[in-house]
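In the two complexes below, chain A is the common chain; its partner is chain B in one and chain C in the other.
After this line comes the complex of A and B, so read on.
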């Protein structure tokens, strides 16, 4: 077990290094540098600024410094937002995204597993059909359509939620629901398929044959086994939800990290782009790592490879 | 020995009945793989309907711009933000007028062919009245009621108690509203008061030559099928151009995906060994990166635009295809026909192109069909956040983004592109599900 974990951690570190390198190369591949567009007539000033940010050094040295700083948790200074470090900016936006992400994940798991089981138990009945149609729509309609539709109905017509920002808990309702929908649709389908699979297994027949009450069959035998595919999906889903949906944050006017990322791209703030990309990647890799390790604990059939 | 037993009885020499001869005959023509799959696909109604809708959208996207009277960038600022269906006031001279949310007047004939803005006369800012003249008739748009009501609502907001209730008698517009519509509540919630103000009240009083116009006629916009956007551009043709963009992105991303993914997977699977190991580790790493992130980064490097979206999507979306193809190749390469090809001296290139790929067309096609909606989805998403197609070109994502600012006043500008994109992705999804059931039943879950 320990060996398995160590192996997984090493491959996670390699992945993060790869992402950092790729990001670095991509950022350096952009023609020109962030200051070439600014109207600073005096080349001396530009030279000074470049020296300040270390852009006058050879690429390999810049790369080394980049890896060293990032490994120490220092994501550098923002080019565009004067006087702010990338760390400051990320820590200002991340709490919003984190809160929305956590609640959305809870919503997805609770409702997704519940409706998935219901649909499987009532296979081909009306409720199953309705749930599957809803799941198809949920995976089809883009989130910006949902988000604006939600605002239009609940903010404009009914006036229940604020149309902008997250000053109180009501402001979180829309973002949480809208960001959850896509994953929810997926989890319902996944849970339905795997529950149907499990229900046809011999051990379920055995459990019923020996006279276990239905709730025990469902809770102990069906749920425990059917939930496994969902567990693998939790990692990427959780990471995607807490790193903030760009669209949802834009429509609902939330100063979260997704919004910061889009803005940093539109402003060509290269250090911020690099910082947030790596931050996203680290979160994703950690989430996948944790879920993989959990998976082995939950499902003893899986060998540590 | 009995000679009799050696003799074959003469009835065995009789010819067979004609029907019995046909017993071994293959009644139906033998079907190729594609004919067989197509037969199954045809039986699937949902998939067929989806296919027809996709075909209609594709043909429409190609053909409509050829004959449509407007282009995607032709502006007519006079006729900006005119919806597809309008509540108009008919005038005595057969003309109809539509009062915009900015209290200007648009003139049209009784069928809904727009004729332009009414000639603007005097503006009474204090009395909250705008005057226009239409063919000599004087039209007065009086919006003082609504603006008074807004003021009253503002003062209500200050008087609201802790429970969120307000007294009806505090605001004249509420008193008038309940007097007209019955229901004599003394207190209502502030939300309800705002709802009445925004949605239930008559906003303007329109008079023509001193007489109030009360009769309203709902007319379809005959000049612009789906109305116009904020710059007076025809929304319909912009949506058609959006379809062009989305379909181009979808098909080209699928094509790049096909080329890169199929060959990457085939080479890894066929050659195997250490090379396979390295190539698969690369895929593992690429797979653990959120694709959207890299599409965005590539967009930043190559700059926004149609070509770069296609490139970015094509370069990042092939991973799943490579995995599927490699799996297929691993099983196929053990089969005799590949060994036979090796023995006859075919080289690797020939075996992959002539022997392996044709035998995997089922899963490859299905996977491509599934990647198309996903590419369309991503294009819309990128354009929506401002990283995709740039103005004046239109894509469904940018149309939705443009509509976002005026969503409360002009919701139709969001609704039509949203319907277009949802229907397209839905039909592509349903079609690819059908394709999967027909051509690659093993993948079915």
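After this line comes the complex of A and C, so read on.
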């Protein structure tokens, strides 16, 4: 087991290095630079600015410094936000996105698994049909529609939640629900399908033939098998949810990291783009790693070697 | 007379599909005495598995018993509530299934799946149940059971899994074991081992057994009595000797002719297939389900329900050829000797 984890960590590090290199190459390959749109005619000033950020050095040297700094957790200084480092900017935005993401994930897992099983047990009955229609709506209606709809109903008409910002916990309700909807719709479907599949397995018939009480058949034999596909999905889902959504953060006025990322791209803030990209990549790789380890613990058929 | 354990009377089971009612079993009656092994033999779709699932109360939607009685120790299982049935399932009646590869839950250890039965039915504690699981695994011939009890199903071979299934089924000391094609998915040598094990455990523990199989050879090797099913009905019932040496139903004769012989002159002869295909149970033929394929069919076979002819205390046949007024056909007379006739 330990050996397996070490092996996976090493391969995770290689993955991250690969993503970093790719990001670096892409950033250098796009024509133009952060300062090309500045209204500074004087080439001397531009040269000076470039020299300040080390952009005048050979690419290989820039690449080496980039890897070295990142390995030490230093993501560099922002080109566009004067006096702020990338680390400052990420740590100012990430907590909001993280909080929303964690709660949204909890919501997705609890409700998704619960309703998925309900739908499977009542296959083709009214409750199943209703849940499947809702799941289709949840997966197809874009989040800005949900977000504005939510604000319209709960903020404008009912006045229960603030229309902007996250000054108190009420401000989180909307973002959490709206962020969760898409994944929730997906997990309900996934859980329904896998539960139906498991219910038809021979070992469930064996479990019933053993005269086990229904809660044990469902809770032990069905659940543990049916949840496997959902576990696989948890990794990427959790990573996506805690890294924030631009749309949700924009509509609800949250200074989260999704918003920052989009702005950094619009501003061509190289260091910030690279910093956030690598940060996201690390989060995704860690989430997937955790899920893989979890999977081994749940399913004995998966070999660690 | 031996004690009656299970008495199935006039059982009808149907599946209500969107195409219509599929009458999988029509008027099936049989009994199992204490400690005996009976075989239910028939080809695919003859209703043998449905019979066993009906007895177990495990019919899945849309299957339903529509008529009849299943008396187990004198009590009608069909009248029992689900909760009461659960006290019988896995405890007094156990079942093992065709495919040991898929019949064990892949995520739990063999030991866990055996002790589960003991926790549920015998209220055993952890240590005691575990000890019993080890003991059961040893009894079914699994080497180093103390270690194997912690193994997962995928670490077992097919034969070992079926042994583990048998250990699981017998751990609660049931009165009746229903084995639904327990050897079909196994290699021939393993088949023989598993059958021998079942016979041995039957003698040692006195567990009555219903062996469901499409293989007459399997049934003959361990069964005291054999029921031959076709098209959801029982065609012939008798002791193993009666079925093999005095078959009276043309279908039984056909089955015997299609079993390969291994020694003597007979092994050089071609097998005789039963021509035609099994009946469509959505629209089963009236009268005898076998008449479309039967060499000896007469007009009555197609139109009338065939009565049962009791030939001896243990031997009964549903065929007009056993009627006292039936026409004498030479070929039929010749085959009356069963596997001796050739």
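Just so we're on the same page, the second predicted complex is superposed on the first by the 302 of 305 C-alpha atoms of A that agree within 3 Å, B and C clash if a C-alpha of one lies under 4 Å from a C-alpha of the other, contacts with A are read in each partner's own complex, and residues count from 1 in each chain.
To be clear about the criterion, a contact is a pair of C-beta atoms (placed from the backbone, for glycine too) under 8 Å apart; a residue touches a chain by one contact, two chains touch by 3 or more.
Since this is a predicted model, take the numbers as computed values, not measurements.
Undergrad: If chain A is used to align the two complexes, do chain B and chain C fit next to each other or clash?
TA: When both complexes are placed onto chain A, chain B and chain C end up side by side without any clash.
Undergrad: Look at A:68 in the shared chain and tell me whether it touches chain B only, chain C only, both, or neither; answer first, second, both or neither.
TA: Neither partner.
Undergrad: Using the superposition on chain A described above, determine whether A:164 touches chain B (first), chain C (second), both, or neither.
TA: Once the two structures are laid over each other on A, A:164 reaches no partner at all.
Undergrad: Based on the superposed arrangement, let me know which partner A:145 touches: chain B (first), chain C (second), both, or neither?
TA: It touches chain B, and chain C stays clear.
Undergrad: Should A:211 be classified as contacting the first partner (chain B), the second (chain C), both, or neither?
TA: In the superposition, A:211 touches chain C alone.
Undergrad: Could you say whether A:114 touches chain B, chain C, both of them, or neither, answering first, second, both or neither?
TA: neither
Undergrad: Would you please give the vertex angle at the Cα centre of chain A, with arms pointing to the Cα centres of chain B and chain C, as a multiple of 10°?
TA: Between the chain B and chain C centres, as viewed from chain A, the angle is 90 degrees.
Undergrad: In this superposed model, does chain C or chain B come into contact with more residues of chain A?
TA: Of chain B and chain C, B contacts more residues of chain A.
Undergrad: Pick one for A:201: touches chain B only (first), chain C only (second), both, or neither.
TA: second
Undergrad: With both complexes overlaid on chain A, what's the closest CA-to-CA approach of chain B to chain C, in Å?
TA: In the combined three-chain model, chain B comes within 17 Å of chain C at the C-alpha level.
Undergrad: What does chain B use to touch chain A in their complex?
TA: Interface residues on chain B, with respect to chain A: 191, 194-195, 198-199, 284-285, 288-290, 293-294, 296-301, 377, 380-381, 384-387, 397, 400-401, 403-404, 407-408, 411, 414, 418, 421-422, 425-426, 429-430, 445.
Undergrad: Using the touch definition from the top, list the residues of chain C that touch chain A in their complex.
TA: Per the stated touch rule, the residues are 56, 58, 60, 85-91, 94-95, 97, 99, 102-109, 116-117, 120-121, 152, 154, 165, 168.
Undergrad: Which stretch or stretches of chain A touch chain C in the complex?
TA: On the chain A side, the touching residues are 201-203, 205-213, 216, 220-221, 224-225, 298-301.
Undergrad: Residue numbers of chain A touching chain B in their complex, please.
TA: 14-15, 18-19, 22-23, 26-27, 29-30, 136-137, 139-142, 144-145, 148-149, 151-152, 156-160, 193, 236, 239-240, 243, 246-247, 250-251, 261-262, 265-266, 268, 273, 277, 280-281, 284-285, 288
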